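Below are two complexes that have chain A in common, paired first with chain B and then with chain C.
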Partner chain A sequence: MYRRYLTALQRWTLGLDVWINRIYPSDLNPLYYTGGLTNLFLFVLVLSGIFIFFYYVPSLNGAHASVAYLTEQVPYGGLIRGIHRYAADAFIVAALLHLFRNWFTDRYLFARDSPWISGMFLLLFGGFVGVTGYILVWDERALVVFSEFVRLMRSIPLVGDRFAWVLQAGPGISDETLPRMLLLHVGPASALYVLLWWHYVRLRHPKVWPPATWVLTSLGIVTVLAAVVPAVSGTPAQPGLQPRTMWLDVFYLLPLWLAGYLPPLLVVAGIGLLFIAGFAIPYVNREDPQAMGVRHAGVAQVVDGNCTGCELCYYDCPYNAIVMVPSPYPGATRAAANRKLLAVVIDSRCVECGICIGACPFEALELPAFMEGDLQRRVAEAVRA
Partner chain B sequence: MTAAAAGAPRVVGFVCDWAVATAELTDEAGRLRAHPSVVLIRVPCSGFIRPSWLEDALRAGADGVFVVGCPYGDCLNREGNYLMQERLEQLQRRLQRRKVEPERLAMLAHGLHDREAFLADVADLLAALGRLRPPAAAPTRAATPARASAEEGGS
Partner chain C sequence: MPDRSRYVPGVVLLSAVGLGCALLIVIGEILGSPERRVYWQMGGAALGTIFIVYGLLLLLLRKMGMIGPRRAER
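So, the complex of A and B:
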């Protein structure tokens, strides 16, 4: 059932690619660089965020005024605030595209669960940073978001009140609240880079940046949007007063919107279940590669006698699954006797793609299910027939 | 096999498991229905192909070889098709010194559902190979091993 839906989604995803590749050359297809685009927007957010940080005053009376001062008085302040605002939207959009694309095209199988799990943490942290970012502006909308967020937290049994205390830095909204929010905005945002290290650690040559065309286009779109539709604050927040009219960003804050209609505990449980399901994705169906339509090539094997320690496979393995160790003993063959290093495959990191076999000119690597001899025989049959 | 197919250029294609789906295009032996002189061999990734296998296929009597990977930028293993493209270009340059035309080796990139574009590219490749061969030498099988052994002598 799940598998069938996933196959349909994969068909649509790749069908969309075919369509986009008619417009762009395929190596400029923006959907091939969703991860790079996310990283680009994060970089933009960090730079613009540092700028805003110097002007922001985290106090109940000063916050709204300091944001207004930044927007109206500081040269280009409004523009940079707008860039921060729209790059955040773009970050979430790109991250979700990245998630769905890699899910639908099976890029979480075997040893690739590590980027998937770290990706779920990145999404969790990124979403949280987004919410605290809303609150920092401290207008009416921020107050509603904040009180709803606290209400959701309080609904959790046993620990909910403690969470709310941590969020507010006290029993209720006080002068300690906004510094706490600033910490909870900047801290998890910095933690994103630690998680990114985990996200990349098993990848050799990760595609961290999109092509220059898309870097410039994305920066241009965000800048133009920030100039044409400036990011503005609502009226200052006044705790205790009911907001009159308010425009809530449904796209970003869907759970808070839902909490208006459903019991808060249900919403919290829903979000929790969504994440648990997300973490489970790489492990569903994992038992049976045959049923998944994946051929088991077997982990790459090093043919000891042929390995010359040239490191070509080590450079080309996309998953850092090959390490070079000092050649352990004087080998029997000439290659083994003269080498300094020996390639070793780390089984748990190997995704059985066989790229190391193509890299090795010395026939020192093989995939158990695709032996060179069998392939040569099939080629011979093909040309003889 | 028909007489027309017997005269057609013999081509071996290595197809990545994640690239274009060919199950409906071939018979059990991997022979393309549309072009019976083309045999497809499925491999786990285009980067799996050792360039010497392509050379061996040409030496064994194939008129052309090609590798099909995913669209550039969309390799499941991120790099397989780029690596293969580079290795294939190096092989083309290397074989050119032995008077093997670069047109005999091709790198194609087609996604899972790019069936039509894939078949069109194969047809183009066959047409290019047809133009390469001197018409007089074309029909007999003896002509191709002779070319191959001539290369051997040079190396």
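So, the complex of A and C:
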């Protein structure tokens, strides 16, 4: 059932690609760059965030005023704030598109589980950074978001009160709260780049950046939005006072909206289950490679004497499983006699696909189950028979 | 082979819009407040429009075959 739906979604996704490729040249199809666009928006967020950081005062009395000063008094401050706000939404949209696209097109299975798991962490951290960003403005909405967030945390059995204590930096809202929020905003945001390293480490040619046309168009859309619909603060937060009705951003604050209608523990459990399901996707309904007719080939082995250090296998391996190291001694063949580098296979990364074998013109790589000599012998025997 | 000239009016129009936005920013800088705290929305929108226009120009030039990979590499 699950596989049938996934196949239908895959067909639909690929159909959409074909349709977009009729409008755009295929190398400019924006759906091929959802990951790069997410990275672009993260870069915009970091740059605009650094600018905002210089003016932000993390205290109950100073936070709202500092944001107002940035928006109204600092040259282009309102524009930078708006860019930061809309780039955050665009980041989540692009990340979700990237997630669904890779899910529907089966790009999370086997050796690709590592980018998938790191991607789920990126989404989790990105969402958390977005929520803390809302709180930092410290207007009425921020207070509602913060109170609801604490309420959701408190509903978790056993550890909920401790989580709430960590969020508030104490038993309730105090002057320590906003510095804690700032730490919880900037800290996980920095961790996103560590997670990105993990995301890319198994990929040889990741599309980390979209083409110039999409960089400019995306930046333009965010900038126009920031100018035409500027990000503004509400009235300053006053703990203890009942806030007015307000609009909540569905990208980041949907759980808080749900918490208005459902028991908080149910909302927390729902989010938790959603992420657990997300993390489990690469391991659910995974087909056995042998059942799919894939034979166990063994990790690729470098035939030491034949390697010329040409790096062709290094560039062709899609899983970053081959590294080039300085050659400690010359090769055995004429072509390898003056080599400077030697290919080394990282066993834990090799998926036994054999691409490196095809890439190497010097017969310097072998799959143990398909050694060239054995294959020749088997072919000769088959011909004789 | 697609007729490349059909994109020319688009390129000309987008160039004109981009030039108009650039002029708007320059005129705004001359006439506006030296602290850049007034009309920043108009300036920001013009800047954003320039980005979008340049992005679309790149797209059209690519479709015309004037930039990007050569035909044999496509």
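In this section, the second predicted complex is superposed on the first by the 303 of 385 C-alpha atoms of A that agree within 3 Å, B and C clash if a C-alpha of one lies under 4 Å from a C-alpha of the other, contacts with A are read in each partner's own complex, and residues count from 1 in each chain.
In this section, a contact is a pair of C-beta atoms (placed from the backbone, for glycine too) under 8 Å apart; a residue touches a chain by one contact, two chains touch by 3 or more.
Just so it is clear, the model here is predicted, and its values are computed rather than measured.
Undergrad: With both complexes superposed on chain A, which partner does A:351 reach: first (chain B), second (chain C), both or neither?
TA: first
Undergrad: Using the touch definition from the top, say if A:212 reaches chain B (first), chain C (second), both or neither.
TA: In the superposition, A:212 contacts chain C only.
Undergrad: Contact-wise, after the overlay, does A:176 reach chain B, chain C, both or neither (first, second, both, neither)?
TA: neither
Undergrad: Of the two partner chains, chain B (first) and chain C (second), which one does A:33 touch, if any: first, second, both, or neither?
TA: first
Undergrad: For A:11, decide between first (touching chain B), second (touching chain C), both and neither.
TA: first
Undergrad: Please work out whether A:372 is in contact with chain B alone, chain C alone, both, or neither, and reply first, second, both or neither.
TA: In the superposition, A:372 contacts chain B only.
Undergrad: More residues of chain A are touched by which chain, chain B or chain C?
TA: B
Undergrad: Classify the contacts of A:113 with the two partner chains as first (chain B alone), second (chain C alone), both, or neither.
TA: Neither: A:113 stays clear of chain B and chain C.
Undergrad: Could you give the residue numbers on chain A that contact chain B in one complex and chain C in the other?
TA: In the superposed arrangement, which is not itself an observed complex, chain A uses residues 27-28 for both chain B and chain C.
Undergrad: Could you please specify the touching residues of chain C with respect to chain A in the complex?
TA: Of all residues in chain C, those touching chain A are 35-37, 40-45, 47-56, 58-59, 62-63, 68-69, 74.
Undergrad: What residues of chain A sit close enough to touch chain B in their complex?
TA: Within the complex, chain A contacts chain B at residues 10-11, 14-15, 17-18, 21, 26-29, 32-33, 105-107, 203, 205-207, 295, 297, 316, 318-319, 351-355, 357-361, 363, 367, 370, 372, 375-376, 378-385.
Undergrad: Can you name the residues of chain A that touch chain C in the complex?
TA: So the residues of chain A touching chain C come out as 24-25, 27-28, 72-73, 75-76, 78-79, 82, 211-228, 230.
Undergrad: Which residues, counting only chain B, touch chain A once they are in their complex?
TA: 1, 10, 12, 17, 29-31, 39, 41, 43-45, 47-53, 56-57, 60-62, 71-74, 76-80, 83-84, 87, 109, 111-114
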